[in-house]
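In what follows, chain A forms one complex with chain B and a second complex with chain C.
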Partner chain A sequence: MAFYVVQFLTGLASAASLFLVASGLSIIFGVTRIVNFAHGAFYMIGAYIAFTLTERLSGAFGFWGGIVLAALAVALIGVIVEMVLLRRIYHAPELFQLLATFGLTLMVEDLVVLIWGPDDLVGRRAPGFKGAIDFFGQNIPSYDLFLIVLGPVVLGILWLLFQRTRWGVLVRAATQDRDMVAALGVNQKWLFTSVFAVGVFLAALGGALQIPRDAVHHAMDLRIIVEVFVVVVIGGLGSIIGAFVAAVLVSELNAFGILIFPKISIILVFLVMAAVLIVRPWGLFGKPEAPARKTPGLTVNPWRPLTSNERLAALAALVIAATLPLFAGNYALTVGSEIAIFVIFAVSLHFLMSVGGLASFGHAAYFGLGAYGVAFLAKMAGLPMIVCLLLGPLLGCMGAAVFGFFAVQLSGVYFAMLTLAFAQIVWSIAFQWVSVTGGDNGILGVWPEKWAASPSHFYWLALGVAALVTIALRAMVFSPFGYALRATRDSLLRSEAIGINAKRIQWTAFVIAGTTAGIGGALFAYLKGSVFPDNLGISLSVDALVMVLLGGVETVSGAVIGAIVYKALNIWLVSQTDLSKLVLGGFIVLIVVVFPKGIVGMLETLAQRRRKSSPPGSPLLAKPIESAE
Partner chain B sequence: MSVAPPLLAVEGLTKSYGGIHAVRGVSFSLRAGEILALIGPNGAGKSTCFDMLNGQNQPDTGHVRLLGEGITGRKPREVWRLGVGRTFQITATFATMTVRENVQVALISYGKQLFSLFGSAPKFDRDEAGRLLELVGMGGYADRPCGELAYGDLKRLELAVALANQPKLLLMDEPTAGMAPRERVDLMRLTARIAREKSIGVLFTEHDMDVVFEHADRIIVLNRGALIAEGSPAEVRGNPQVQAVYLGEGLVYDARHREGASA
Partner chain C sequence: MRARNTFVGAAFALLAGGMAHSAMAQDIKIGEINSYSLLPAFTDPYRKGWQLAVEEVNAAGGINGKKLVVISKDDGGKPADAQTAANELVSSEGVAMLAGTFLSNIGLAVSDFANQKKVFFLAAEPLTDAVTWSKGNKYTFRLRPSNYMQAAMLVEAAAKLPAKRWATIAPNYEYGQSAVAVFKKLMSEKRPDIQWVDEQWPPQGKIDAGPVVQAVAAANPEAILNVTFGADLVKLVREGNTRGLFKGREVVSFLTGEPEYLDPLKDETPEGWIVTGYPWYSIKTPEHDAFLKAYQAKYNDYPRLGSIVGYQTIKSAAAILAKAGSSDPEKLIAAAEGLSVPSPFGEITFRKIDHQSTLGAFVGKTALKDGKGVMVDSSYKKGADYLPSDAEVGKLRPKD
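This part shows the complex of A and B:
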């Protein structure tokens, strides 16, 4: 019995940090409508700076002062970020905001390694809370008791802040209707900046307070952000009480989940989240959101199928690509195969994101499931390669069918957060369930059979599949189903009013996209000869988003171009610098701020301008890039 | 001997939001080919009432019957399948698609081809889509992006979309709002003509009294959630209760409007 009580208290103590970070995210979202992906990064910087300060400053004051100073310093960084970056994108589609803040996260991950090194840092114990308290033979660290008290105290302070101060009244008013608040003469800029500072302060404080409990390391940002997303999805985005209740719930589920499913404890959290989503899609304490802004929505440019000239150009591009083995070496062919596979991955996400308006932040889950599917079939069942390639993607299909069912119940940022959380759950299972997946060591020796083993043969295989997949998905864009999908994206109200079951259409699209990603993953497993949990990790999901975004979300062919340019650039970058995440993150932020339409979108705009200024007859000139598939 | 049920029969429709009784026991019926106007001052409960007819909103009590079949509690898409088309007060169209594609989506849905993955949508019922657009006077706009249309044209497009499933009943929430006076008359004449030709029942809400009195066969008047009058335009115009709650306001508006126009 005592053991369970201790387990319960440990859960409560973990909830404190989680609550701090989640409430910060909620407050920022409430006012600015930005889901701050970089919140985990601020949490991590808080922990690192607190580590440095508490090491340098001595005594009890030094420790506690260091914690608070660290949180204040990070809040200052937050203010700079808000003023320099976020102010430029408050009116951008929410997808761009998520991506920009994700770009920041990537940059921070490299920066902390650059400053503090790659090793785990173990911080000081908190003065006055170094010991443990005996509870019927079980030990409870006294610092845990401190955290248990701290959670409700912070909740109380936040409540007073929002109910009893002028600033709090403004924040609550802006959460309800920020345009109205602006119309009443409140300086929105500073309100937003101050809210962002408070939110970041809470995140950093959460991170700083973790140092006596956990080692500080450079991957703690992603771990916390996923938990925080789960918390706000359960508790309801924008509700502080919801954040508190859900933080306790999730922490307790984690604490007891380890007892029930020691290998895959995260399952329990997932089940609860799924149950909440079915009953209250907007979370326990949240309010139903007004329909979100449309993800694509920078221009109105109706899509059309390729003309016969453009088809010829696309075919020519494909033929040229197929001649690569005639003059390129083995390394170039392997890179070529990888690019072809990422074209598959990118067009699958494009289908969901651009055609369906559903920006998945966890698309790698289905890519990775396809890869694991192949690995299971090849290694455990010993099936021939062609069978594995055909059946492996079905694992991605099944994953997409299960998760997609829940995901399409939501839209906008909720959809993005949920898909990210699902992907992280799949990742955790692959990572934790060592007996089946090999855990971190992955599954090795998934080599192609002789007919596909040489680099040139494999390249042709990958290229051929990529071409087929691209053609098939493109045909679907202009099929009745594609029209229905675009209809649900443009107006749910109108779709339902003309007999379209929007959720079922979106679910179908999710399964199609997931299966297609699984095809890419299946090929990827054979290309690399192995499968690792990273094949379904967050960074891969974001790679896919960036490829689509780089090509242009609102174009039909952008994903293909985006995948080729991005993957080539990425491979080159990794070979050139150790700070690839820093460069990549900066690159993402740059695209969002400077080229929101992507490469193909930009070329289309240029082509349109030229068309308007030059006599008719020449527009085809500017088109071959778009049709080069 | 049984009498054929009316096209639309509404009985005792009630809806409350907290303490506010938005709609209180509203009953009326509508015959095929008849044009019925639902009027009332702002906040009378018109839109709430409207939304409950096609499942956009669910009543607390009461029934809605289409040709005798109960449709209360059905989802909007199910009601549509039974032959009820609708247009919205604030137009809802597919902004990134062309005008023709907007109609084609409705035709695809009507033809139950929504899950056809490899057919050609641009060719799907292209002629029928063209005919519907021609019918509402939008034939020349077929290839224009829907997002570029003027508001009045969007209203006409919505009408074309609403006609795609050969409806028995059209629900039009403020069909002429935001249109120029000339356009209003044209649209309502067009609607009336289509309704007569195809024997479609039309229920519409409207703030413009000229439109209402000129085009409605019958008018029902809602005030504070309750039905206060029902009858032909002449009867409703002469009803003192209606004049008190509604036309009084309308006349004041009219006078002000004229002053503004002459200034």
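This part shows the complex of A and C:
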């Protein structure tokens, strides 16, 4: 019996640190609607700075003072980030801020190694909480007891802050309806900044408090960020109490789950999240999002098919790309094939995200399923390459059909997180089912047949498929189905009112996007000759998001350009510099600031402005230009 | 809008292609790949090690008079990116051979690439048995003692313990799974009387140490096998110390004696664990002294196991290239099979039968000295003594 009590308390202690970080993320999202990918980075910097301070400052005061100082210092960094970077892009399309915070995260991962060195750092134990307390023969670390108390205390302070102060009232109001808060004359700038600072403070405090239990190292951020997102979503976005309950739920399930299924912790949080979201689409304590008030279509350049000139230009570009094997070496061709495959992947996500308004955080699942489909067919059934390429993507299609059915019942960030959960579930099946998938060691030897084996032939194959897929999806955007899909994106209520079966349309779009991603994955398997669980992983899903956002989420061809720029830059930087993450992250942040609509979005805006500034009806304006020429 | 993008792609491709040529005719190039950005704690000393080796090789006249150049690439911890890097090294840099890698899945990916493209590959670190056995191929050689070998070394010491009830804690991926499987198999052969009472499989890098420690303690084992390392090990040790998990229990642990993993533990180092590792401070052989001196003179830092692996990888590669006198992969294979080279741990041989080197490891016990973790009572175990019989190996390895 004592054992179960202690296991329960241990779970509570784990929950406390999870809650601190999650509550910060929840507050930030609730008010600013920023999906703060950099939250884990702030958590990590908090731990690093606290390590330095607690090593320098001596005594009990030095330790606790160091922890608090570290959290404050990181909050200050957060304020600077918010004012310098995020303020510029609040009006950018939804999720664009994710790109900025992703860039920051990449930079921080390299920076901490530069500053603190590559070794794992182990900090001091907390003065006064070094030992354990005996509980009927079981030991409970006293630091755990401290954390168990701290969790509810922080919850209480936050509750008081939100219920009893004017600032808290404003924050709650903004969480509910920030347009209304702005309309009432509240200075949103400072409200957002202060909320961001509080959120970052909590993240950094969570990181700093890990010092007596954990090692400080440069991958801490990734370890926590996904889990924290999950906790926030299970609890309901913007709900502090929800975050607390979810943190306790996840930690306790883990603490007791490993007694029965020792291998469960790898996937547990995602199973819980999927289950919660299917039953309660807005999390345990969340409220349904109010229907969007503004019409998104108004801010965007209206989409139109390519003019015949543009079509010719695109065709010319394709022809030029197809001549690459005439003058480029094998390496360039293989990189070209990889880029073409990622174009397929990016346009498939774009179809779901930009056209359908459904941002998937787990799109790699269908890419990877396509790859595994090919690997199974080629290695187990021994089918020829053409057949594998045709049938392999069907695995992605089936996965999308099953998961898409559940996912499209939700919208917004909840949709994104459910797709993430499904992707993680697929990933862990690939990872754990060693006898079939080879687990971590993957499936090797999936090389193309002779006719496609040479780099130039494979390049032509990949380029051809990429062109076909891009054209097909583009045609679909401007087909009646595409218009219906865009209608569900722009206004669910109105589209349903005119008789569009929104869920069915979205589901269909999900299956199309998943199948297309599977085609990319199938080619990828042959390009690399092997398939690994990585091909289904979170980082690949994030890559796809970054490509679409980088190109411009509100454009038709952004994904193509985004994929080419991001992939080419990534491969090139990794090959050229040891600090590829720092440079790539810096580049992304720069793009975000300079091109807040993405690369293509910005180009389109410029083109339109030029068109507007010299209309035929303004000879006065046109004349000086002519004379200047 | 396709227009612009494809141009960008073409431009980049041209750029990449343009960098292909710069091979100086008189240099011999080795293409090296490792997870530099993902695992700096290991790869930083590793890089220092191979840089020292390159310096020494060239100071001694290079390879048959030609200068040795190592071109190094980061794989970011992703098998797919490792293949891109391998492809760049082979197709555009024109390297004579590939070397390196840390993670097992990346080692396998590059080994499969080498097999497909017919390139010589010397795997430095990946521990999985598959590299030389179930997925072995004729182009791939491996330096470090495999999972099986390290397990066999530990079993030798563990079987002497009186403990009968054993629990295991291992990261939930191929390395952890196969380490536990081999250890269990070898151990049960030697000691049919032992019982396996609990197993914990925390996700790699994400151990929730409190509940894991508590769960293991509840099974009340007499001895524990640990396979976690890095930050997971730190958390496990800290929780285990506070909760008294290790008190009165024997612990056998993979890799924990390596400075990379032992040093961060500082004064929390648990005492008396039976571990594999690298006690650089207590090895007194002329070969190692020479290496240690050179390393400390160059870097003003002590070597980690990664330094040895990096150093010996390039030293072995240079020896293979020198003996082959050519960069033809078939000749390199012929040169490498059965080749004996000196190493800081004494002479090692690349076995013909499975392309595994006989580099060994040190087995000893952990102890606390001046607030730091050290390995004591350590002895060097030769790799050759801990491999299965040739007949068994022949069965494990696919025919070329």
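One rule holds in what follows: the second predicted complex is superposed on the first by the 477 of 629 C-alpha atoms of A that agree within 3 Å, B and C clash if a C-alpha of one lies under 4 Å from a C-alpha of the other, contacts with A are read in each partner's own complex, and residues count from 1 in each chain.
Criterion: contacts are C-beta pairs under 8 Å (C-beta built on N, C-alpha and C of every residue); 3 or more make two chains touch, one makes a residue touch a chain.
Worth saying up front: this structure is predicted, and the values here are computed from it rather than measured.
Colleague: A:L550 in the overlay: touching chain B, chain C, both, or neither? Say first, second, both or neither.
Modeller: neither
Colleague: Touch check for A:T508: first (chain B), second (chain C), both, or neither?
Modeller: Touch partner of A:T508: chain B, not chain C.
Colleague: Touch test for A:A126: chain B only (first), chain C only (second), both, or neither?
Modeller: So A:A126 meets neither chain B nor chain C here.
Colleague: Could you figure out whether chain B or chain C reaches more residues of chain A?
Modeller: Between chain B and chain C, the winner on chain A residue contacts is C.
Colleague: Does chain B (first) or chain C (second) touch A:P302, or do both, or does neither?
Modeller: first
Colleague: What is the contact status of A:A332 with respect to chain B (first) and chain C (second): first, second, both, or neither?
Modeller: In the superposition, A:A332 touches chain C alone.
Colleague: Which of the two partners, first being chain B and second being chain C, lies in contact with A:A484: first, second, both, or neither?
Modeller: first
Colleague: Touch check for A:A497: first (chain B), second (chain C), both, or neither?
Modeller: first
Colleague: For A:A16, select first, second, both or neither according to whether it touches chain B, chain C, the two together, or no partner.
Modeller: Neither chain B nor chain C is touched by A:A16.
Colleague: If you lay the two complexes on top of each other, which residues of chain A touch chain B in one and chain C in the other?
Modeller: After superposing on chain A, no chain A residue contacts both chain B and chain C.
Colleague: Please name which positions on chain A make contact with chain B in the complex.
Modeller: 294, 296, 300-305, 475-476, 478-484, 486-487, 489-491, 493-501, 505, 508, 512, 554
Colleague: Within their complex, state which residues of chain C touch chain A.
Modeller: Touch list, chain C to chain A: 1-10, 12-17, 20, 36-38, 40-41, 43-44, 73-74, 76, 78-81, 83-85, 87-88, 91-92, 104-105, 108-109, 112-113, 115-116, 128, 130, 135, 172-175, 177, 198-203, 205-206, 208-212, 214-215, 217-218, 230-231, 234-235, 238-239, 242-244, 260, 263-266, 268.
Colleague: Taking the complex as given, what residues does chain A use to touch chain C?
Modeller: 3, 6-7, 10-11, 13-14, 109-110, 113, 118-122, 130-132, 138-141, 143-144, 212-215, 217-220, 223, 227, 251, 254-255, 258-259, 262-263, 265-266, 306, 310, 313-314, 316-318, 320-321, 324, 327-336, 338-339, 431-432, 434, 439-442, 444-445, 447, 455, 470, 524, 528-530, 532, 534-535, 539, 555-557, 560-561, 564-565, 568-569, 571-572, 574-575, 578, 580-581, 600, 603
Colleague: If you look only at chain B, which of its residues touch chain A in the complex?
Modeller: Of all residues in chain B, those touching chain A are 54, 56, 75-77, 80-81, 86, 88, 92-98, 101, 104-106, 108-110, 113-122, 124, 145-148, 161, 164-165.
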